[in-house]
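Pasting the structures in now, so scroll down.
After this come two complexes, each holding chain A, first together with chain B and then together with chain C.
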Partner chain A sequence: MNKTLFLVDLKANWRVILFVSLVFMIYVLTSVLMYDPDSIEKLEQMFTLFPEGMLKALGFDTLGTDLNGYVAHYLYGFIAIIFPLIYIIVIANKLIAKHVDSGSMAYLLTTPVTRVKVAVTQAVFHVSGLILIFLIDIGVLVLLSSAVFPGSLKLASFLSLNFVTIMTLTVAGGIGFLFSCMCNDSRNSLAFGAGIPVAFFVFKMVSEIDAKLEGFKYLSVFSLIEIDKILADPAYGLGVGFILLGVSVLLYGAGVIIFNKKSLAI
Partner chain B sequence: MIEVSNLTQVYRSGKGVFNLDFSIPEGEIFGYLGPNGAGKTTTIRNLLGFANADGGYARINGLDCRKDAARLQPMIGYLPGETAFLEDMTGAEFLKFMSDMRGTGDTGRRDSLTERFALDPRGKIKKMSKGMKQKLAIITAFMHDPAVYILDEPTAGLDPFMQNVFLDLLEEERGRGKTVMMSSHIFEEVQRSCDRAGIIREGRLVAVEDIEALNDAKSRTYAVTFADPADLGKLDGLQFRRISSNRVEITVGHDYRSFFQTLAHCSVVGLYSSEQSLEDVFMKYYGRNGGTDE
Partner chain C sequence: MIKVEGLYHSYSHDDKYAVRDASFEITRGEVFGFLGPSGAGKSTTQGVLTGLLQLQKGNVSVAGYDVKKPVRKMFNKIGVSFEQSNVYGKLTALENLEFYRKLFDVPTRDAMELLEIVGLDHVANQRAAEFSKGMKHRLTFIRSMINNPEIWFLDEPTTGLDPAIASEIKDIIKREKEKGTTVFLTTHNMFVADELCDRVGFIIDGEIKLIDSPRNLKLQYGEKLVEVDYRKNGGTVREKLSFIDESDRRRLNEIVNTGAIEMMHTKEATLEEIFIKVTGRGLE
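Moving on to the complex of A and B:
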């Protein structure tokens, strides 16, 4: 870890973090404010007007009847994945591959900071930004719901769901980071490092449209965000989360090792 | 002290560097000459520890350039051939960033260099001209007072006045016992500032010579136009090549006396000195010593 480099990363990327946090927050606010224990039924009646496949793809097929279920289905089927995913894939490329592509990596490496330290710092920044986005938005959600519906949000199951969601995103981030470390130009880094995570997202959506397409869920890490299962059994979510954490560490670690060993044309 | 031994790195294109062998003792300015694409930058990538060699090694002050790269960096001042700074920083922010990364606290040398090169570092790097960026790159390479300088075409983009400021600075650093490796494709620059020069062509080091010896071998070519084509018959004592019926290219080594004496008897209406390209100089140099006289 190198503090100077971390702060430079923050200065260069805080706008992206802020932007993603704010867009995410709009949905957080509406999810809580739209929640009305009495009108859930009405809302579900309204949803019967929409094609079933579309509702499923957007995660609106079953709106929970309590605040947890409602918020979770509203946010964690789509919103809480797609916006942080944008941050993850844009920044993964910027942290390593773009510096190698442009040549500015030469300046980072003509200092006493080792390649491993440079890469580890970039990896830590990548994950920190993601966690920051969630901290901001979960914080707002928890505060808002305790103000509007005191005692309604079951924290343990809600946090378990967030843990799994964040960890699926660090797996996606690890893939982005790995390709950022492997590729010598932004073009290839983005093709794979953004392409694969986006494909995960698309596969998850497709798998939920129709029972016939359900098989696609095995092609996506995001299918592991099984909202109802995790809310019912937070310990299960914790287990899934820790496995994903292990996978993430392997992916980021592989990126660091490859970057340390590779021959750079800078 | 820079040591390159049997260094080989081959790219997929088949280009690269092959079995490079040279060393630069402390206190020497070594010019590294070659046309674009000859392998200058590849050599430098190995000296900085960026690239993995396929064979051989590069060492600076006894440390392996690749394995001990991070330990070596405080001793090295590097100026990249194509400078790419960090986005969105001002010049001053970038200099501070590099100082912080290097852990050098002293800002005196940075400030005196900034003044010397008349750089206003307050503007955004993105908005800087090529010359300003080059100044910034020079200050970055020199400000931590390293023992060894590795400079990839350091005067590119500088106006003639600033080129002089830079070459004076280089002279001073030599006086302070620094080791310098400087790549260039401009012969005059190397001739002026270097003690020795290595010449690389198509990835192979074709010669390492004292600048003195190169100067002796150096000759100049003049394009001469005559009013009377018959004058061409009077040029027997000179080395010349006919371009058209009344125009020749005369190559002069040291013997300017016979050059002027001969021309004095001719109806010269035009005389142009053509800058010798590096390639010309070495073709001639090797022509004389290697027996492949054209």
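Moving on to the complex of A and C:
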């Protein structure tokens, strides 16, 4: 880790982090403020008017009857994946491939900062930004719900759900980062590093539209965010989360190793 | 300071070499000019020497460090400016230098002082994204001297700059040379090379054809000519005579004996002419 480089990363990318956090927060706020234990049933009745496939794809098919279930289904089927995913994809490309492309990496590597240190710093920044987005938004969510509906949010299961969600995103981020390290031009880095995570996202959506398409869920890391299962059994979520953590470490690690070995176009 | 033996480099990892069997040595305090046309392999050589490109074959040592096993400390001793300048657009000129400064673990130069040297002090707090190409180039250039490098790699430091700035850059290089900095200077500008370099190496198609001092090259390859202006019948006549040619030498004697010489100077071949003579190719 190199602090100087980390701070420059922050200076260059804080806008993206802030933007994603704010958009995410709009949904966090509405999810809690819209929650009305009495009207859930009415809401569900209203939803019967919509095509079932569409509701499923958006994660609104079962809203759950308590605050946990309601917020979880409202946010973690779609919102909590797509917006952080945008951050993950854009920044993965920026942190390595774009620097190589523009030539600034060459200058960075002719200083006493080693390649491993550069790559590790960029990886740490990548994950830190993601965690920061969740910290901000989950923090607001927890504070708001404890103010409006004290004692309603079951923290253990809710945090377990967040852990799994963040870890699926670090797997996607690890893929983006790996390609950012492998490719010498940022077009290729984007093609694969963004293409694969976006494909994950699409496969998850598709698998939920219709039982016939359910098989697609095996093609997506995001299908591991099984909301009801994790809420019912936080320990299960923890287990899944740790496995994903391991996969993420491998992906980021591979990126660092590849970056350390390669010839840099100048 | 720099020792290169049998260096080969192929981007495609086959027998298509961008640099082929290059060997040379640069001693402390020397300014070594690496000259050749576009695509000759100059930047590739610098890339290997600075550890950006993997050393595939050959031995290279820079500042006493074997490039095969790069050590962080080596980078405290070298300064590098590549062909393409690069600065962080989101940072100001001053922040760019301060950022870079913090990456070294040796005493560094004062950022403001460096900006003054190239006349960028008045825009020190302006974001580099708003700079012109020449300004970015100057910023990149001074950034490469921030760690007081013992060895300074400069790839095309004057190319594409307006003459005034180019000459300013030349003066800075001269001053650093006087301080004892070793310089590896890549260029295809023969005048720059002639003015700055103790020795030059001609590289073409990845091969170094010849290494010598500009002076020796001129003595060896330049046809030694003398230009004489002398008075004759109330006017001035100019004649160009070769030292090598027997009849020319006799003619020169005759003119000298008339005592009517107004001006006489030797004309030497330019490095460019010598380059063409040696390699059979021009520099553009």
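The rule is short, and it goes like this: the second predicted complex is superposed on the first by the 266 of 266 C-alpha atoms of A that agree within 3 Å, B and C clash if a C-alpha of one lies under 4 Å from a C-alpha of the other, contacts with A are read in each partner's own complex, and residues count from 1 in each chain.
The criterion applied here is as follows: a contact is a pair of C-beta atoms (placed from the backbone, for glycine too) under 8 Å apart; a residue touches a chain by one contact, two chains touch by 3 or more.
For clarity, every value in this text was computed on a predicted model and none was experimentally measured.
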| message | For the combined arrangement obtained by superposing on chain A, do chain B and chain C clash, or do they fit? | response | clash
| Given the touch rule stated above, what does A:Ala12 touch, chain B (first), chain C (second), both, or neither? | both
| Partner chain in contact with A:Ser263 - chain B first, chain C second, else both or neither | both
| query | A:Leu109 contacts which: chain B (first), chain C (second), both, neither? | reply | both
| Interface residues of chain A shared between complexes with chain B and chain C | 2, 4-5, 8, 11-12, 102-104, 106-114, 261-264, 266
| request: Write out the stretch or stretches of chain C touching chain A in their complex. | output: 11, 43, 47, 50-54, 72-73, 75-76, 78-80, 82-84, 86-88, 90-91, 99-100, 102-105, 140, 143
| field | chain B-facing residues of chain A, complex | value | 2, 4-5, 8, 11-12, 102-104, 106-115, 117, 261-266
| field | Complex contact set, residues of chain B against chain A | value | 9, 45, 48-52, 69-71, 73-74, 76, 78, 80, 82-88, 97-98, 100-103, 140
| Across the complex, what residues on chain A touch chain C? | 2, 4-5, 8, 11-12, 102-104, 106-114, 261-264, 266
